[in-house]
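Read from first to last, the chains carry the letters A, B, C and D; within each, the first residue is number 1.
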Amino acid sequence: MKKKITKIGVLTSGGDSPGMNAAIRAVVRTGIYHGMEVYGINRGYSGMVDGDIHRLEGRSVANIIQRGGTFLKTSRCAEFFTKEGRKTAYDNLKKHGIEGLVIIGGDGSFRGAQIFSNEYDIPCIGLPGTIDKDIAGTDFTIGFDTAVNTAVEAIDKIRDTADAHDRLFIIEVMGRDAGYIALHSGISTGAEHILIPEKKTSVEDLIASLKEKERRKKLVNMIVVAEGEDFGGADELAKHIKKEMPHQELRVCILGHIQRGGSPSCFDRVIASRMGYHAVECLMEERFNVFIGIVNNKMHYTPLDEAVKKKQRISEEWLKIVKILAT
Amino acid sequence: MKKKITKIGVLTSGGDSPGMNAAIRAVVRTGIYHGMEVYGINRGYSGMVDGDIHRLEGRSVANIIQRGGTFLKTSRCAEFFTKEGRKTAYDNLKKHGIEGLVIIGGDGSFRGAQIFSNEYDIPCIGLPGTIDKDIAGTDFTIGFDTAVNTAVEAIDKIRDTADAHDRLFIIEVMGRDAGYIALHSGISTGAEHILIPEKKTSVEDLIASLKEKERRKKLVNMIVVAEGEDFGGADELAKHIKKEMPHQELRVCILGHIQRGGSPSCFDRVIASRMGYHAVECLMEERFNVFIGIVNNKMHYTPLDEAVKKKQRISEEWLKIVKILAT
Amino acid sequence: MKKKITKIGVLTSGGDSPGMNAAIRAVVRTGIYHGMEVYGINRGYSGMVDGDIHRLEGRSVANIIQRGGTFLKTSRCAEFFTKEGRKTAYDNLKKHGIEGLVIIGGDGSFRGAQIFSNEYDIPCIGLPGTIDKDIAGTDFTIGFDTAVNTAVEAIDKIRDTADAHDRLFIIEVMGRDAGYIALHSGISTGAEHILIPEKKTSVEDLIASLKEKERRKKLVNMIVVAEGEDFGGADELAKHIKKEMPHQELRVCILGHIQRGGSPSCFDRVIASRMGYHAVECLMEERFNVFIGIVNNKMHYTPLDEAVKKKQRISEEWLKIVKILAT
Amino acid sequence: MKKKITKIGVLTSGGDSPGMNAAIRAVVRTGIYHGMEVYGINRGYSGMVDGDIHRLEGRSVANIIQRGGTFLKTSRCAEFFTKEGRKTAYDNLKKHGIEGLVIIGGDGSFRGAQIFSNEYDIPCIGLPGTIDKDIAGTDFTIGFDTAVNTAVEAIDKIRDTADAHDRLFIIEVMGRDAGYIALHSGISTGAEHILIPEKKTSVEDLIASLKEKERRKKLVNMIVVAEGEDFGGADELAKHIKKEMPHQELRVCILGHIQRGGSPSCFDRVIASRMGYHAVECLMEERFNVFIGIVNNKMHYTPLDEAVKKKQRISEEWLKIVKILAT
């Protein structure tokens, strides 16, 4: 019979997202509640390779649930994707007697965990921490709700100016592979057009629609563009519109990194807390090498080796709503 | 064969909630898109009884998606719950040729709609607009997410002071029949105790736990209390604690009406937009006298005469998370 | 010749206010820049009496400029107002070799510092940290701007609901002796009436004005009341109005402790930084036993023994603006 | 004897800034209080030239004090800077009997007003509405405080990510001719370096300082750059640093138009209300062709023909504070 896990490590990996601290807190306190020792590993897999590992108490995670970023820091670590790097990482875990890991990050981080877990006898549990919501196997990721609210608040501010000047604004939001931030923030702010990676951008249709709106004197227009949209993002689009409609006053705003930070929303804190709690439960119940999602409001477990970027068709309903509501 | 509905009315009823404007906007624009005339009815059923009804255009709802409250205003209307009141209301609708209604409000408003629809040939569609999330038949209601984020931001501020002074705070949030706001905002802010209507308050256990925390010098404590909690709310609780622990420094905050207002969150704007769109679709497809919910991320339709307050057991998982994470 | 001060202590005392952390940070880093050792004293004068004193480095105050509350914690300390208490406090300072003090707090804390400094050879510099802005000798206090913005955001939310329901709201803000929060937040939110301690409340005039507004169907009204207003605060006022105008729908909101916390505004961070910097300069230039204010945008120094609550007549201009703009 | 002014117009001109609506509201209500008729002129001087002028009532400006942008809209108007344009504008004013104007805008708008007033017998009063605070003759401009708070909130979010990744961020804020937004937001967020138009950028010093910080492992750095800084803004700077320190991870954020919009801060609402009130007083007291500022907390009147961009030396005190506090 396998012996019970009594020492676990927790780390955040890849791009930071709001709610990661809430997830760490839940892992630490649930672990301690069950009599475990919990170790924080700094800067993602880099801290495993460098041995930057330290014991966490219940109080270590006091007063962090409301903070953006991650107090364990994060990074991408090339070394961990080499055999030697993983060997060193394993040796460092063993030094502390760590027998299980919780990794908070995206699909890339999960793949790293899977490789590591195949080579060494360290079960890994993944928690989806990414603002992009682009992981199959969960309806929500930790950070998406906050990021999209940040985008919405920023676009609301821009609309004040757009209205005051009757100007066209092109606003670029994050989302290299997924258009969720663009779609949600665009619908929420009444954007006239939303360009996303999941759908080929027809720039001709866009220009035609802008010209039609100009004819009926609809003056304020906002276009929300995901950075991964295929025409080339906000700057390219602006150049093209300028060429086709030279008299059109237009401005570009690239929201950028403000979307990653900030105090997490209630939603992100709650799902991070639930997921962190269940990560430790998984280690206790030997439900190993899965990442935890929420599907239809229930916990959902996907094997780490099935972790992939979500390639999802955006439903026709949503696209119709965009079209109808922004008229 | 029934003839197609071409004129519809929309109103907000009962307590206001953030996102109602986004829902109205979606109803108006979807109606117009399908060639309908759309009428706004002011102050809920009162406007129907008084004939305070006016035509809305697409532009009437420009630039309101981000506003709290409801630009159609709302009220509770005793007259509509009399036979004469409903007769007058019906006559006023007929004057404008209105053949269908969309009602945005809570379970009480839905029951009014059901009675009206039984008496007169006006199909009604309900949209759940309430911050309390206490309606069976939907996972979300328009306004809950915003309200709970407002509560969380307020409690975060209070924690700054609680920390600075090592004080106990009792914070009362809204929720006469449902503890959802208390539960979500309490988990999100690391409250030590959460008292809700769904669970009998054991004030002895609470005092015992506070005394135990005092012994181990855990100084900062926050207790989040739903207004409908059975011991008597924040003020009663404070009196009791003062009696049992006379040396304990403690403060009471009643968050009150700030929880109803404010610019709606992205989440509330999106679900309000989707629900508003589907309300018109229901009228077109003759799916009459239902209210629209979202269950497992899909549209869900509940007959209006089944609209009741949700009496839900809070799951054991949630209560365990509260207990473990706030240690 | 007096020898140069090389070790200083810093503490926060009395009620906490947003920006205190920014002030501490400025004291610590300016002290270190000038080659001093800087000590943090926890929980105000209590930490001096208990010897709860620890060395601070430049990094100790990293990443706190944006935090509400005070990481040194604060308290009111009765013991320090006894001769024995101050003796113990002095002995504890001497143990660490502390030769000068910076006290961030209100007029009560300054008086304590003055007494202490008269008895022992420890020069004290005061920084005005209070949300109430009720100290003579400075145009601004650390925390006022943040508190008043918090009040404004809360009242804006309440207005959404007031508008939606055509209701009268009575909103109580902080200010036991001073009406600045009420005055600024009331003007900023378009409150119809503002009741402050500096001006006798004529409840008859208030009722007359409400009745007059009722006659011309001005339905939405907000009354902002400072807690120290002489009629008895929001609850008393509500009772009185209910008696005189029984049909009037009205609600009371007491904003309470949310006004103390939260991330400080830019304004508060900047003045806290400037004041903290000058506190150390004062100790270096032997400008002893003063508190630092900003008057006409310049640093202003008031002897600690002249620190008193500001009893100021609110200018006629302001009262006229309230009256005219809220019509 | 000159006859009393009884009809006035109000407009917003140039770039929009938060608080303009509060200023319009104050002008309208103070005018009406004094028995005047008040006319709103849309889109700045363009509306004067086009005759886009309409009567405003007290209720026209209800519920706008909290809104960003300007409900009268704004623009830059080339035509008004021609003799013919101004003639048409004058004729349009005369049609409505307008005898005095209040212009809310920047120094360019004031110069337009001066020219107009020299040619035609229409006294003009200016109110400084600009986020840049770059007008001589006033300590504050309407919109600056809000803009700088927006910048601070955005930079706080970016710091979460900067901390999580130990990255260098270069953040560009608005300010073509003035560094006030950069200076205030930089001090408030603990930026290591602040580059402003008022001071020549020494890129060599900057690189030297970054290298020195790297040596002592200070990993997180933020540089705040005003868009008008002379080295070429954030993008140029990033290129240069990349060349000199190729291994340095760095990101650029250009905050852009979010700084113009949003609900005005309490401070901006209060000064806008005071200034708007005094604008009408000026017209009544025949204090013509001035713009209104606040200097040392008192109203200050500057002749319109002396309106110039402020060319101010940033005080040594401030630069020293930046240097010391960010260590």
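Things worth noting here:
Methods note: contacts are C-beta pairs under 8 Å (C-beta built on N, C-alpha and C of every residue); 3 or more make two chains touch, one makes a residue touch a chain.
According to UniProt, the chain labels map to these proteins: A, B, C, D = ATP-dependent 6-phosphofructokinase.
All of these numbers come straight from a predicted model, not from anything done at the bench.
With centres defined by CA atoms alone, the chain at the far end from subunit A is C.
Inter-chain spacing, taken between the CA centroids of subunit C and subunit D, is 28 Å. Averaging Cα coordinates per chain places subunit B and subunit D 39 Å apart. For this pair, subunit B with subunit C, the centres built from the Cα atoms lie 36 Å apart.
Residue positions of subunit B touching 2 or more other chains: 156, 159, 163. If the chains shown are joined wherever they touch, the resulting network closes on itself as one ring, and no chain has more or fewer than two partners. Pairwise chain contacts in this structure: A-B, A-D, B-C, C-D. Partner subunit D is touched in their complex by these residues of subunit C: 22, 25-26, 29-30, 32-33, 58, 62-63, 65-66, 139, 145, 148-149, 151-153, 156, 159, 163, 184-185, 187-190, 263, 265-267, 269-270, 273-274, 277, 296-297, 317, 320-321, 324-325, 327.
Those residues of subunit A that touch subunit D in the shared complex are 12, 16, 18, 20, 43, 67-70, 73-75, 150, 154, 156-161, 163-166, 169, 251-258, 260-262.
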